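Chain IDs A, B, C, D and E follow the sequence of writing; residue 1 opens each chain.
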Amino acid sequence: MIVNCAAYADGRRVADIDLEAVSDYVAKDGYFVWIGLHEPDETILRKLQDELGLHELAVEDARRAHQRPKLEEYGSSLFIVLRTAIWDDGANAVGVGETHLFVGSRYVVSVRHGNTLGYADVRSRCEAVPRLLHHGPGFVLYAIMDAIVDRYFPVVDALEEELDKLEESIFGPQVERNVAERVYDLKGEVIAAKRAVSPLIDVCNRLARYDQGLIDEEVRPYFRDVYDHVVRINESIDGLRELLTSALEANLSLVSIRQNEVMKTLAGWAAIFGVATLMAGIWGMNFEHMPELKWAFGYPMALGIIACAATLLYWRFRRAGWL
Amino acid sequence: MIVNCAAYADGRRVADIDLEAVSDYVAKDGYFVWIGLHEPDETILRKLQDELGLHELAVEDARRAHQRPKLEEYGSSLFIVLRTAIWDDGANAVGVGETHLFVGSRYVVSVRHGNTLGYADVRSRCEAVPRLLHHGPGFVLYAIMDAIVDRYFPVVDALEEELDKLEESIFGPQVERNVAERVYDLKGEVIAAKRAVSPLIDVCNRLARYDQGLIDEEVRPYFRDVYDHVVRINESIDGLRELLTSALEANLSLVSIRQNEVMKTLAGWAAIFGVATLMAGIWGMNFEHMPELKWAFGYPMALGIIACAATLLYWRFRRAGWL
Amino acid sequence: MIVNCAAYADGRRVADIDLEAVSDYVAKDGYFVWIGLHEPDETILRKLQDELGLHELAVEDARRAHQRPKLEEYGSSLFIVLRTAIWDDGANAVGVGETHLFVGSRYVVSVRHGNTLGYADVRSRCEAVPRLLHHGPGFVLYAIMDAIVDRYFPVVDALEEELDKLEESIFGPQVERNVAERVYDLKGEVIAAKRAVSPLIDVCNRLARYDQGLIDEEVRPYFRDVYDHVVRINESIDGLRELLTSALEANLSLVSIRQNEVMKTLAGWAAIFGVATLMAGIWGMNFEHMPELKWAFGYPMALGIIACAATLLYWRFRRAGWL
Amino acid sequence: MIVNCAAYADGRRVADIDLEAVSDYVAKDGYFVWIGLHEPDETILRKLQDELGLHELAVEDARRAHQRPKLEEYGSSLFIVLRTAIWDDGANAVGVGETHLFVGSRYVVSVRHGNTLGYADVRSRCEAVPRLLHHGPGFVLYAIMDAIVDRYFPVVDALEEELDKLEESIFGPQVERNVAERVYDLKGEVIAAKRAVSPLIDVCNRLARYDQGLIDEEVRPYFRDVYDHVVRINESIDGLRELLTSALEANLSLVSIRQNEVMKTLAGWAAIFGVATLMAGIWGMNFEHMPELKWAFGYPMALGIIACAATLLYWRFRRAGWL
Amino acid sequence: MIVNCAAYADGRRVADIDLEAVSDYVAKDGYFVWIGLHEPDETILRKLQDELGLHELAVEDARRAHQRPKLEEYGSSLFIVLRTAIWDDGANAVGVGETHLFVGSRYVVSVRHGNTLGYADVRSRCEAVPRLLHHGPGFVLYAIMDAIVDRYFPVVDALEEELDKLEESIFGPQVERNVAERVYDLKGEVIAAKRAVSPLIDVCNRLARYDQGLIDEEVRPYFRDVYDHVVRINESIDGLRELLTSALEANLSLVSIRQNEVMKTLAGWAAIFGVATLMAGIWGMNFEHMPELKWAFGYPMALGIIACAATLLYWRFRRAGWL
């Protein structure tokens, strides 16, 4: 699907065009074309390939998706694959999508796949500052990457919130049976996020140092900025991962401690009932000469002794923290 | 065993030849020879060595198999060892094989060992696009490596499916005794797959940058493509490994939690029976003056008290989640 | 908020100026300006940007804070982001702040954010040694970084003290239920400290090797000194992290050992009561021909036998370390 | 002890000589000397030092042994320390020895220490192929290193066999008490093997790239071959190490699961006996008005009820998998 | 405190001098001065700084101690910080000290801090071989570093001995409660040792490659020797660390296995007593028609049945390994 296709000159949008007209504008000095696609079919991509002279393999990749984030140079043009992430509140999971970018000196093509937001807002923000858009495709590339990277922050926040909830479950008063499963699931999400983010570091770093004409000298510090953001996101994710591991260990430790407590309670009550039952058993023996059995207050006395022993034991266990 | 031996010119198969004729075709300009072998005996390899001038050590390696994936240069020819993997559904295990490749400017020899599929399909696909096969042995090398790497994907999928089944066992309602063993076995498979894949990264990377005449400039991006696939497979395997470790920990944590529950249940019933038995014991004592023993409704009352106490305890334990 | 703004010449403070006058002093040979800001609003930063020609992106970063520690070169000036740490005794937590530094050949601007101490003491210490302050902004940069890094030492000390307390709880005679939570919380603090410190290593290292005119040859060894301190702090934090992991494991091991002891105690008393209750039960049977029941001393004998058996068992369990 | 000392020319042994004659042969063009020593005393080493001009420090190292594997260049000669390993079937342990090699353009000296096999077989295999021995000391060095590395394979096989036995113990039907100790001991062996092998990687790699005259261009690929073997051995050892860690974890997990089963069994029987004993206790109470006590079939009925209750409980626990 | 201060020429001690005379000897060709200090006060260091022209920062570091091991170049002189270790038998702990070295072309100054042995023996050993001492300060530097590194070996031996004792405790017949604490403490010691040793690797490596005039070409191989020793010590410490981690895990596993055994014993005896008590309870019921109660041999028969049942159960549990 073609979402958007426009020609720009001097940092301003000059025309909304269609695919057939792309090669005309690309041929004009001072013009560049910015095309937004969403899960395009093969015919659209083939047409683009003819109009812009894209490399066979890059078009293949853009069609099939499921690529690793990477930066490929084909002659003087770049092909960039990025993974995007959004937090899916319903599924409590990270939704990973892909954006592929073809960048030449006079064109930018973005191809979105899967669970990913569009770049209409990026386009309008760019058009609002002609001074910067004037730098051409290099700046558009920055704007899109910046948007992609910024969209990771709420994902990281959501993951951290999940961890907070987990911590409450772990250190709360109840042993919750599904804590282990939730830690495991969250770890899966974190690994997915990590896998999406970490190759971006290399891509951003290479773009910040990219020495050829495609990216203006003045635009390059912007890529360093994106690079810093990516590194920060990556750091947060690593921190999450480490804390999750610790959380599972802490959980295991707590379960053991609670088990210890249950066992002490069990042992305590077993002792109290054991003593009481033993006494009742003794006075239930059938010996003929058991003088206390004949006493008028034998029975209340027996009950009293049993109650005393039980209370004494209870009090001692209480003091020892067993009950 | 000689599986296939043919001469090519201009991207087309020109003749099916036998080993004696190989050196004739190799001497002709514009021709190249593509030979497929499967666990060849020494005589075949020696004959090939004479016809193509292969290096002693490479031939030794190709005969004995059990090599590490590697890329060796002997003069202007390459010797490449790759590990192949297929998923053996019966054994629920990764079947690892080996393919050795001799690549010169006018010949490609593939030698298969062990549990590995043939390359007949690769050959017919190559022959279908003379435009690309025209690039000669370099392209054939790409085609075979691409096939080998693509065959890893179903292996990774099968491993991930095994992990899914394991997760169901772990987080399911039953404690399954063999979970630990299955995690351990799966970990062994993952380590085997990892050991097969990870040296491929280096081999592909070196081929993508290989600067000498053997591989055409236009073919090189194809090796970068293979490189990307290998890196993705490697990433998936690393993810699997990490999740397996977490799965075992989660399992341990769950077993402990379940033990806790069993223990609480045990403690709860022990308390209920303890109280009831104690009461029965008390009324079984042989004191002479136990007035309730003589009451007409003493017995039903006693049964009622015992039942009440047990019910009360049961209800309290129930509320506390112990029963 | 503008905290301080002064012009220096020949290593001495020559005037307290305001922002409008900054560009005048910066234009004079032999003069430099040192400005201290605390969470400045946008107007102040914009004015500074005009006066000193700071880079757009650096000003953006300084305004928004929450940056990663980094060192950026914009033309001949440096932009440095550092994380500061203080130990918050009340919250038992590391309070992390940020300091951003703009350093040019004739100016230093420090921008503090969040939980961070001021640099008035740094300024007065610098002014006390005109011989060194004479080296200009490069030396001021050193002085501020040295102060920031030195303020990490009490944080590390506090963390180590917390670990000491934890060790006492873990290896003390009581099982404390919240040990796992405290280990987990402390680990979170250590990870936060680590994340603040570790990027400083790279920043200091690059400054110690920084070859351009901004930092005098004689000042460079001072940065190596700061570098050494950062590395030492980093090492201490890594040591803490490793010990924390071991502490949690040791705790788990101890909890298990204690559980073992509780269980042995439980088993021991269960056996003693079991034997005694069994005997009482036997003599409580209603057989007609149980001669001992008629003996005059049958009852004391029975009590004696029960006591003996219990004592014997007690003594044996005692010796085996079960009770 | 001097094991062997011979002069070679043109790839053939020309004379068995003694130490005094070494310097004569070393001086002759086209000759080289190959000396094999086993734990030599200082006099022999000092004589050799005089005859061949060996470096003081190398001789010191060779005398004292207990060196790390390393490759040192002293002028145009090499000093190489290698660790050797054999599997000691009696002790079920890796026996580590050392071989030191002095290699100059006209001599090779091997010094063996500790638990290590001789190189007589290497010598005879070399003498069988004068074509290769013709390359001089460089080839002899290869032959000895190849032998040392090949002798690691049976060690790795033995370690893997030990792991197989351990796996059987761990996943077998019995909880074996010494599993943890055996895992620990095997881990110690694996660490020892790892420590012997891993520095060899660097030594072989450097020799494969060693550019000076000592090693012929044609001999260098042979060192790459040795390098590949070492890397493979190292990989196997790493795999072992990882599996051992998993084995211990799996063991822990299994022990917990079995404990769970024991506890359920305990709880089940406790419940059955608890119910039965309670009923017996109730009918043992001394109330006057307990009509069932007077029924003719009261006793069999009571026994029947008790048996029924026990059977019912047994059957339910059985179905729940507790018994 | 000034321990020693002497001037050397031609590898021989020519005079014991005091600090004021140092600059005279340093000015003379062919002479060098070797000064040994122990926790010197500021005046001594200041005097030395004047006499030898030491760098401000180096003197600061030497005065305050608590530095990281490092190698700093100040112009043509070196400042080296090393950590020393001795094993404190009383405290069962590693005692860490520091030695700082100033090395110029005509002077060596060693400054000792904390728990560290003197270098009198190094001095006398050096003076015994004028041939080597002739190389000047470079050789003295080697001699001191060699001594420091050699003193690590007994520390490593002591740590390994501690681990041996721990292993005996862990795998011995008794569960020792303080094993976890001892493992934890030993780990702390190992981390301390590691922190002292590992930066030495870099220092030694840089000295072995140090290309400037300070260290003679012939002396450099000696530093490679020291480097090898440091690497070996570091390896041993890493091995210790890994084994300690395994030891704690093995301990945890063993505690669990022992708990399992205790629980089986508990379950076994509970079952035996349960059966016996149940039978006694049944014959203690008050039914009128219980014919066996009237049999002459009813009582012995009951005792016999109870004993038989208990024996049977005992024998079965015994065979199953529960008792």
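Couple of notes before you dig in:
Here is the rule we go by: a contact is a pair of C-beta atoms (placed from the backbone, for glycine too) under 8 Å apart; a residue touches a chain by one contact, two chains touch by 3 or more.
For clarity, every value in this text was computed on a predicted model and none was experimentally measured.
Any chain touching chain A that also touches chain C would appear here, but none does. Relative orientation of chain B and chain E, expressed as the C-alpha superposition rotation angle, is 145° to the nearest 5. Centroid to centroid, with C-alpha atoms defining each point, chain A and chain E lie 41 Å apart.
Chain centres here are Cα averages; for chain C and chain E they lie 25 Å apart.
Shared interface positions of chain A, defined as residues touching 2 or more other chains, are 249, 251-252, 256, 259, 263, 266, 270, 277, 281, 284-286, 290. Judged by the touch criterion defined above, the protein chains form a single closed ring in which each chain touches exactly two others. Starting at chain A and proceeding toward chain C, the closed ring of contacting chains reads A, C, E, D, B.
Listing the residues of chain D that touch chain E in their complex gives 55, 57, 61, 67-68, 70, 72, 74, 174-175, 177, 179-181, 183-184, 187-188, 191, 195, 245, 248-249, 251-252, 255-256, 258-259, 262-263, 265-266, 269-270, 273, 276-277, 280-281, 283-286, 290, 292-299, 302-303, 306.
Those residues of chain B lying in contact with chain A across their complex are 167, 171, 221-222, 224-225, 228, 231-232, 235, 239, 242-243, 246-247, 249-254, 256-257, 259-261, 263-264, 266-267, 270-271, 274-275, 277-278, 281-282, 284-290, 321.
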